[in-house]
Each structure stands twice: as C-alpha cells, then as structure tokens.
C-alpha cells in the first residue's frame, strides 16, 4: 500500500505562504549581506533522531520556490524509517537559496516527521492485532491536509477530513435529538448516499441503540477495557468499531487486544513532538 | 507588563481559513441534520489540565464568524493560570453555531495554551534569576504571529519574527564570510540602522571576535555550563547573551544561573503538547 | 426535512467575487450618474415562471455587500414553489445600491432556482416511487457548493462533493486495476473507514463481481430498463443502487419503477435553464 | 476575424480554483488507490454531439496544473464545428493525472462549447442578414470573462463586460431621472470620453427622445416586429440598434429581418445546455 | 456634477492590504507598549498645504478596520479645496487604534489629495476654455481605481481604465497594421458595439486618415500648438480631440486655446507630489 | 556593497496583480485585434531622462507573465546611472506580449527609477560627509517592499519597514507616557531583544532625557542647524543620530555637515517624480 503524494495544487500554496511568512518585507537580510550570489553550498538533510520521515515534497518545494536552481534530491522516501544521523536528502546549489529556505523546509519536515514517527510507534505497538491507528480533527489549523498525510506516512489511517465528508454524531447531538436512534435517523434523512455515519457512544446501552438504528461505525469513547471487549462482542461486525480516549504507547496494545478495529488518537496531530532534522554543510 | 492582543486584521484571516478548512464544501452535516435552528445551548469552555490559557480571541472569532449571535464571554484573560476544571469562558447561543465552531475554537485554544503553558513552566523555573525565556523561528508554518503571541502570554519574550527584522549570523554565514568579524562587517554594511545583529558562536574565541567587531547580541550555542559562565564573564554587558541547546525544565535553572540574559527554546513552539481544553454543555 | 442554509463563510466570498466581477474598476457608472444618493426605491423580486426558488441568501448578500442599508426581505423561503408573478422578496433602500447589485443578485437566484426547479420536476415525476434524484460532479466550476445546495432545495439529494469525500470506481479504474474486485480491493485498502465506495458497472456480471467484493453503492450506468430491474433483483439491498444515463422527465418514472434507489442526473447542474426572476419597481 | 485566446493570467486562477474545488482536502482518492504512478494512458477528448467547441485552453491547463507531464494536443481549435464522435484533442500521460483532471477539464469544455454552440446556431440563423448576435451580463457568476469568450468562439459579439465599461440606461434609470433625455444628459456629464452610452427604450417615442439627446446605441426592448422595423427607420444609422426579448432560433431571423444591427440574447450564457464532450481511452 | 464614492467592495481590500503591510507580523509594537488600552485621544486631520482633498473614505476605513470604535468624522468632502491648516476631519477614540492606523490613513489621503490637487490646478488653468483635463494609464500599480477617482475629485475626467474597456491605437499598432485606416478596421471588426476607438496620430495626414476611417476620438500626440489648431479645424467635431505631451501649468492654457476637447496628462498620477496632511492631537 | 534583488516570491504577486488590473476582463483588445500572433517585435527600453534605474526585475516579470517566450535582456543593472537615451534593456518576442505588458513594465520601472534617482541625487549631495540618506514609512500603499528596495538601489538606506520591526517613539507616545524616559521604559519592557528603539525628540532637553534612558537612535525632528550640531555634540556616539524635516537638495549638505548619521526623507517615496523611461521599436 504505497503512499500517494498530495497534489502539488494543495501543497504549494501552503509552502509559499510559509516562506512569505518568514521572508517578511525585506527577505533574508543576513544571508543576502554575507553570501555572494555565486557562493555555492553542498548540504545534507539529516535526521538527528530515530523516527519516520515525512514532508520531503514540501521541503523540496520550499527550496525550489526560493531558487529553482537548487537541487533537492531525496535519499529516502516519505514513510521511511530513519536512524539518528541518517541522510534524508541532499541539497545543493547557491548558498543564498539554501540558507533562506532552510528553516521553512525543516519546519515542515520536522513537524510532519514528528507526526509520522508518533504514528509509526503506535502502529508498531498494535501491529500484532487487527487494530489500526487513526487520527482525528484535532489538527493544526491550516495544516489538516498535510498532517493527515503525515499520519498515513507513519502507517496510520485517516478519520474524516472535516465536518462535511462524514457524519459523526457526538454526545451533544444525541442530547439535542433526544436519543441515539433519533439522532441517527435525522442524519440519515439528510445526508447523501455516499456519506458514512458514525456515532460516539459512552455506554453499551447507547451502543445497542446505535446498532439497532444502523450505523457504519461506532466510537466507543473512554470506555474501560472490559466495556470495549463487551462492545466488540455486541457489535459482531455490524459496524466498524473505534476506541478513543487515554491512548498511550502503553495502553494501545491492551486496547487493540479488545478487538476494536480502530484506535483514534488526537495527540498524533496536536501534540506529537517534532522530529529533529537538520541541514549540515558537507565539507 | 500587560499582554496586548494581536490586531484583528492579522488574526481573522487565520481563523476564517481554519473554519473553511473544517467546513469543506458542505458544512457541518451532522449538526445541520440534528439540531433545529432554534435549538439553544449553554456551554462552558473549561480547562482539563493545569496550565496557562491563550488564544481566547481566536476562539471568540471562530464562534462569531460562524454565527455572530453566539455570545462568547471570557472568564479569564490570555495569560491566566488555570487549574483543571477551571472555566475559561462561557459560550451561549444557537447550538448549530456553537457545535460547528467548537473544534476549530478548541484547536486554537489548545495549541496556543499549550505553548503558553510550556513557556510559563520554563519561565517559573528561572524566575529567581534575570534570565528570560525566548522562542525561536521553529514555529508552525502559517502560525508564527499567533505562536509568538502565545509565548508572550506564557511570560516569555520573542526572538526575531522572520528573516527580515533582525540579522542572526549563524555558523554557515561565518563559514561563507571566512570569519566572525568579516560576517558581522558585511551585515552591518548592508542593513538599516534599526536592525539589530546577533551572532551565534560555538566557542569563546568566536565570542571574543564577535564582541570585538561589535554586536547587539550573542547566541552561545550548545555550550557547557562552564563555558556559558565564562562567556558571560567575557561579555560583561557589552551584548545581550543568549543560551540555546538542550534546554529542559531541569537544565533551565542551571543555565539561567550562569548569568545569561536569555534562554531560547525551539520546542516551545514546535513540540509543546496541546493544553487539554474542552467545551461542556451546562445542564 | 428542512433545508439548511449554507454557512455564510462559504457563500460570502462567492457573492463578493461576483460583485467585483461586475463592478470592475469603476463601479456602476450609469446608476452613479443618474441616481442621486438619497433617491430611494421600493422593488419586488418576482418570478416570471413557475418553478422552485433557491439562492435568496445569496441575493440578500449581494444587496447587503453593496449597501448594508438596503432591506432585503424574503417572502418565500428557498425550496418554495412559485407561480409566475409570485413575489419572492421585497428589496427596499437607496436606488443606487439596489440597481448596482440587481444583476448579480438575479444571476444567482436565476441559476440556483433553475437547478432547483429542474430537480423538483424530476423529483415529482418519481415521487410515487422510492427513488430519489441525485446530482453529479458535472457542476459549474467554482459553484459546486451552491449548486449542490440548489439540488437539495429542489428536493434532490447530493452525490459526492469532490474527488476526495467518497470513492467512485469508474470504467477506467476497473481497466487499470484489471477487474472490478481488484479495483475495489485497492480502494478499500487505501481509504479511511468513513469513506464509502461506489462502483460504476456496465454489465450485470460486473455488478455481481462488485457485490461479491463488497461495496456501499453501485452505479448502473446506461443500462436498459430490463437490466436495471435485473440489477435491482441481484442487489437485494446489499448496496445502494443508482441508475444514470439518458434520464429525462419522461424516462425518469420508468427508471424509478425498476426499483433503483437513486437516479443521478448531470444536466440538473450543467444544463438546467435559468428560472426567469426579475426585479420590479413598485409604484 | 480570428479568435484571440484569453490571457493565461486571467484563465489560470479560474482553472486552479476549479481543480481545488474538486480535489478537496485529500485529492482523488479513487485514482490514487487504483492507479500506480507509472501507469500510462492514451485518451481522446471527443464530442458526442454536434456543435462548436470552446475552452480547450482551459482543458489543457487543467491537465497541466495537475501533472505538467501530461501531453494535451488539441486537434481542433476553439470555434471549430464538431460532429458527433469528432476528436477534439488527444490527452496522453500518467493515468493518475489524466483521471484526476478529467472532470474539471470536461466541465469547462462542456460549458463553453455549449455556449459557443448555441451562439453559432443563432448566428447561422441570421447569417443572411446584417444582424449580429450579442450576449448580455446574464452570465454565470465568476465566469464572465470565459463565457464572453465562448460567445465570440461561437461567432457572436460581446455586449459590455460589466457595470463600468459602458453606460446602459434602463427603465429604472429613466424613471429616476424623470425622462430619457435627462438620464442621457446626466450620464454624458459624468463619464469619460471613451465610454459609450446605450439607452433601453420601450416605445418609439422614447426612441425619438433618445436619438434627439444623442446616444451611441439604443436597445429596443421587447418590441413587436412592426415596431422594430419602425424603430430602425427612425434611427437611420444615427445609433447602433439592438433588439432584445423573446429571441429564439425561430424568431431570430424575423427580428434580424427588421434591420436591427444587434440581437442580444441572455440565454446564450445563462441557459445554454452543455455540449456533451467526453474522454475516451484508446485501446 | 457631484463626486460618487467608489464602492466599498473595491476600496476595502486595498486599505486592508495596506494596513497588513504596515502591521507586519507583530503589529504596532511601540504604541502597544506605550498606550494603555483605555487611553483616549482626540485628533484632527489637517492640511498643511493648499490643495484639494481626496481619499477620506479610505482614511475612515483605515481607522475603522483597526478599531471599529474610532470615530472618524469628515469635516470636508472629497473634492473640497483646503487652505493650509484647514481641518479635514476629526478622529477620536482609543489612542492605540488612532496611532496604529495614522500612517496608512495619511499615506492614502496624502497621495490621493496630491493627485486631486494637481488635477485641480490644471483644471483651473483651462477653466476659461472648453478643454478638460484627463488622466492616463500611467498610474501607480495596484492603485488605478483610486487614483482615477482622485483625478475626478480634482475636477478632471478619466481616460480608459485598462487595456480592455476601450481601444487606443498607438504608433506601434499602426506600424504593425501597415496604416491608420487598416488598424482602425481591424479593431472595429473585433470589438463590441459598446467599445469606443481612439487613435493616436503624430501628423495631420494620419489625422485625416483616421477621420476618414471613422473613430470616436483622436489623440494628437506631441504636436505643436499650430498643428493642434490645424487639427481641431480638420476634425470639426467629427471626433473628440485629445492633446498630450509636454503639458505643464504654463502650457496647458495655450494647448486648451487651440480648441482641443481634452488634455491628457500622465504626471497627474505618476508624479504628482503628495499633499501634506497630518494628524494633530487636540489639547 | 552590491544590491540584492528582492525574492521573486515577494515581487511576483505584485506584478501579477498589476497586470490583471490593466488587462481587466477582456485583455488588450487593441493589440489582439491589430497584431497577428506571429508578428514579432524588437524593442529597446530606453531612458529619456538622466537618473538611476531600478525595477528591471519587475519589468522582466511583467513581460514573462504575459508571454514566457518574450526575451527581456537587461543591459544595465538596477542602481546604474543612465543618461538620456541610454538603453536599459532589450525586449524581443511576439508583438502581442510586448505591447500588452509594456505599460505595466514601464509603470514599475518609471516609479522605482524615480525613487532611485531622487535618492541618488540626495546621496550625492552628502557624499562628502558621513551622513546617509534614509527613507520613511511614507511609501505608496501596497508597494513598500519594492519602494524601499528602490531607495537602496539609489544608494540610500532603509528605515524600519513597518510598525513591527523596530520601535519609534514619537511625540504622541511621549505625551501618553508622560515623558521621554517613561515611554522608553515601557517600550524596552515589552519588546524583544532584537528590536531597536528610536525616539523622536523636538528639543535638546528631550534628547538628554532619551540618552539618559538609553536608546539605539534619536530622531532630531525639524531642528535648526544649530540645534542639530548641539545635538550631535550631546550624543557623542551614544546613539545613532537622525535628522528629519525640510530636507531638500539644497539643505541636505548643510544638515549633513552638522554631523548627523542619517537624514530621513519622506518625499523620496511619496513624491519623487517618475523617471521617464520608454519602449522604442527598433527598425
């Protein structure tokens, strides 16, 4: 299942805006003053930590948008494991272009690789089960497309991308509708035939009601391991089962062992630390 | 030293774009199906963790841009400490508007409060010294203005905002110029009189050279505590001294004790975990 | 099943861009020359044809963006049937604002009402069956959100909104994959759990293969009425059935009578004629 | 009188926005899952109906913006007549790029060719006269430039492009000014010397008044054939004469026979059905 | 002939972008540090030079976009003459908002008033004749709409607004076409009936040729006063006559005395000095 | 000290917007009608006045964005002196592209060269002193980056680029704070360590207070030559000294002779007349 790159049409405006944010009104005044236009540099993008790399297309774009003549050659592909010191890519060309784009390129690679790395660790922790790790809508504002991509790069799967591509009925919706089945009914009556419906349930009673009403997936929120197991038993394949809440590297295998199909983790995108990646000059 | 809010002109486009990212082409199909237009809700934005809150203006905007009639009343101000369970704001109005904007509002508050909280912890750790905590350019792409603001909300100070508002001479620049003094000279000859110059030095010899050439600030990068102490002694107030590298809650007080003026920390903005903040319906 | 308005955040940029397209660089030079600023007008937006009205929010926005003091009062709601001459809304205020925004407002209402009207006619033609009318991705470039909304206003339902919110496997995909089942397998392995999969089949053999592989919906493309009936029999509720191709007001009831769940119609959005709606000055 | 292509600067943002509308946040998930990156395709864009083709530059751009390596070779030029089955262009390259851009490319070509085809039919119907077919401002919001271009591709001519490039005095303006001559006077006093003035008149008396005041063109709105003839006689070349209202393929020759210079038709742009154009894989 | 304000839809994006250009990533750091939020200010916008004021709507917008609570009350209207010291408007509200928007507001008013003032001086110099002063396309990039408005505010008239709203045949076009009449013929065959055609001629022979071919206006470029007089005699009202080249306050009356209808002046928009306008705190 | 070009990322959006402003909705209708697509032209961009050229990158972009096949070859570099008639660049290619982009290209080169030329004259007038000429924030809205660049091209230096990259304490700030020292203290407490602080002083007493409080630069506003001399004596290198107010070609040398470091001049950017540059066809 190879990783498909995001369309350039989606990615380029983000990289462009990030560069403009850094260049400000006057550009890289330090590099412009120090480096003559004909000064060349050979650099290596290298990981300083173990993890999974992601975002190389964005780094390539950052250099290319600053200076189309800079050569960015990826040594690894997004989704590859890296050990500390591993070369990720070589970047060669005018020193001006390389130094001016460096920070933005690394900010993208660091963030996306951080997400991919966290995802990969969790995925490895449940690799012996059928459970998959999925992300949520708790992404960084303006970066949802690329953060969801990073989750895929790390071996995880994606939950819905927004409020509009799938229905997720939560506790507030249930309260407003006056019940699980009523909420499901209202949604089914209003959405198109290609929209899936998932319901977040807090209790096994709600789960039964949801399954009775018919749903594509159920989100078993913050349930004990026992209740998760019972829930999976109740579901018996009638819907996709998703567990969420208090997922850690330690708890993930136990949650996965309950038989749930999916384990969703908000912190993959909102709190995964950056992977330390740097740019080293070759001498 | 009160915290000044960012201009709405800077903040609103970011919030607007974040909402559009979540609404997609069809909007909040779940809430639209479940909640009648006249269904009202009273909710409370509450912290679920200890920390420092930031980003309430962005949350307010998220609700207002979705539904101008929603009332968002902050109970605390950005920069305030919160304990778990503390009410941050009340949000009342049509359930549709509140539920549709909820995730985006929380994504902003969670991220910015996470940065503010991490900054505040570090700031507290060095509060008995003269050292201040500062951030770097390792910010989330497209969010630099608001992340730098969050650092201020947490009691930290800001480093430069981009490549153009101050000169920071790094190892690569020194290598290209052929020496610290030459690099400083090139920069001084090219930048305006309101641009400060900082040099990153790895050795005390470089530090001496930099001070000899005259700079506004020196970045003592990855130096031992002993070298930091020696560096501070050498500087004697001739430049602002900044330490960076391997800063943790544990190491920060020791670094601060060397007498440096500033401790810069990249992970405040690139790796601080989100502060858990939620929206609870009042019953 | 009431119609939910589109979020203003989605609609306003479209209306704003449409007005700027019409105003050009100098604005409404005719009205500015003729009408003094204090000249008031009372006008009525009226249908000149029978149909279903849609797009009143966009008309309201067009007037408001040109002159916030213009009062636009809808008499009918989107989705309402109109007979020729029926008043749709009253528009009162400065003549300048009303005349400058008139054309753009009418262009929106005419187009969206045209789509809603065509949809409503088709929906009425199959109202005695269980079949629903759905649109396609053959929408006017840049107007997909509002055209899909107009279909809902006319009593139809929406197909997917883009390439990313559901998988639709077509003949080319099947040819590339080397078979229906293989194509389905590749898609299922790559998309998230909230993404539905539909397959377009040309033959009953392909239909059997698709159902065997498991899909959410099947698109029976350009099949004879006999084959549609056989297809429905084969499906027996294992998937949503959708018929497409050569749908007209005449053929729709016959197609619906085969028992298909959905009838998809590209010309609702790409070729429905505008509903004639005008703005009349009250005297 | 060859057709000049629109500047790429005008067209590209429209095509880009249309592609982004279709790609959404995740891109073409079906094609990405099914087609390996190295899978090549040879396709032919072919007309399925008789008509006049337009919009090939936009189709070329759609493919190029998705994948610059896709080769789009037009076989016909915009403005050419096509019979059913005629090849319009060949499109070759990676299957991914071709399939992902296909719908957007066809949506543009279908719509613009539909307009060009309708225009060409009307133009042919009056070809034996001196009358020319012109469009109006009743265009699709956001697409005015390209729809006016399609009218030219079909052999029609353009009316004004917006509210600002020519003055068109309508009934409401006349009512506000208190008369035809007064309205004309106010406009002439306010607009630049390169702005033409046209007046819409409902009666021959108004026509006389307009000609007396001096105008560049008169719009004879909804007049009987007899009145049109009388109007033309009255005008005697002192102004361009334009007829509008109830123009059909049947009525157009009769209207043209009255001697008017121009026949303007709103439905060319607001209600012309799409020309059916498809993309066929070559085997 | 009162001055009509530009639509807010056209003006607001320009003012917004100008403010963002000045605020940068961190806003007005000086004012934010010095002025408490509740510090109020009463200020007066006053002319320091004689001239004609223009751009007050843009100034009002600048203050409003920074702080909607600031009260901007124009004392004069655009187009009014001011003597040194004259109060143009009062601006009251929070000191923060006023000081942060001040420079942008003054930059707009200064520039537009400078254009209006230069126009007014020239207009006065020819007021005893029938000649009118008109501007050209030599405007500041991105500011054409508002600079053309400033010319109107100063009592001048506008030439075409761009390459698309009128045809202006220049020497290069004539050379390419092989003659004045041929160039006119090509243009007339290609443009709509509401597009005027002007030809730039260098000699009286070209003028005769142009009039013979029929044009709406002739631009007599860089001709001697004698030739201008002869040209006017030749034209005899068959076309609008426009003189251009070497127009100064001194030469304008002489040029006007030749009987030309229009005198066009590029430096009104590209080289008129700013009118000195300042903001004074009332004590 | 060579001149560094601005990043293309900053410049291209400005040129693109300027071209769209000129092309409008229909493009260059005159050239499109007159020039066949294969008509080639060889032209020369030439100065018609003495001065310093700037903005050639923007001109190159204007031609390239209209027609990538047009060859723009600069003969001189930005910052070079030109005499009347000097060739600045050659521009060859399709006549259509060249004629359609000509005006926008010249508008940029004329304006930026005008600023560079005015700066160069002032710089030459003080070249025998240590004083440098600097610009202000009185720039054309939306063009600050490129106008500040033009000042550098003319041999001047840049003041701050906006409200956020340096603190400039003015009379209003001092009044609000209640004194020079208090204002400085508030600013220093709130801004980062890489932000310089300048204070505008009207009297020598204020100057003493400012120096006592410690600032990076002092702006001696509208002082007599005597006071400037006294001020320089007082400062004795403790801060950068800047003089402003009533700077002309005549007064500049006298001001410079007082020993001030900088002379700031608003009219360089807001009132410098365009340098006359034209495009001539080679025969």
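Side notes on the structure shown:
Residue numbering begins at 1 within each chain, and the chains themselves are lettered A, B, C, D, E and F in the order written.
FYI, a contact is a pair of C-beta atoms (placed from the backbone, for glycine too) under 8 Å apart; a residue touches a chain by one contact, two chains touch by 3 or more.
Everything numeric here is computed off the predicted structure, so don't read it as measured data.
Counted as hops between touching chains, the shortest connection from subunit B to subunit D is 1.
In summary, the chains found to touch both subunit E and subunit F are A, B, C, D.
Note: the chain lying farthest from subunit B is D, by mean C-alpha position. Counting the residue numbers that touch the partner chain, subunit B and subunit E have less than half of them in common. As a whole-number value, the distance joining the C-alpha centres of subunit B and subunit C reads 44 Å. Per-chain Cα centroids separate subunit B from subunit F by 33 Å. Along subunit F, residues 4, 21, 23-28, 32-33, 100, 144, 158, 161-162, 164-165, 168, 189-190, 195 each make contact with two or more other chains.
Taken together, the touching pairs cover every possible pairing of the chains.
Note for the complex: subunit C touches subunit B at residues 2, 4, 6-7, 9-10, 144-145, 148, 158, 161-162, 165. On the subunit F side of its complex with subunit D, the touching residues are 16, 19-20, 23-28, 32-33, 36, 65-66, 100. Of all residues in subunit F, those touching subunit B in their complex are 1, 4, 134, 157-161, 164-166, 168, 189-190, 192-196, 198, 216-217, 240, 242, 261-262. Per the touch definition, subunit D reaches subunit C in the complex via residues 14-15, 17-18, 21-35, 39, 41, 95, 99-100, 103-104, 106-108, 110-111, 114, 137-144, 161-165, 167-170, 172-173, 175-177, 183, 186-187, 189-191, 195, 267, 270-271, 273-274, 281. Taken in their complex, subunit A has these residues touching subunit E: 21, 24-25.
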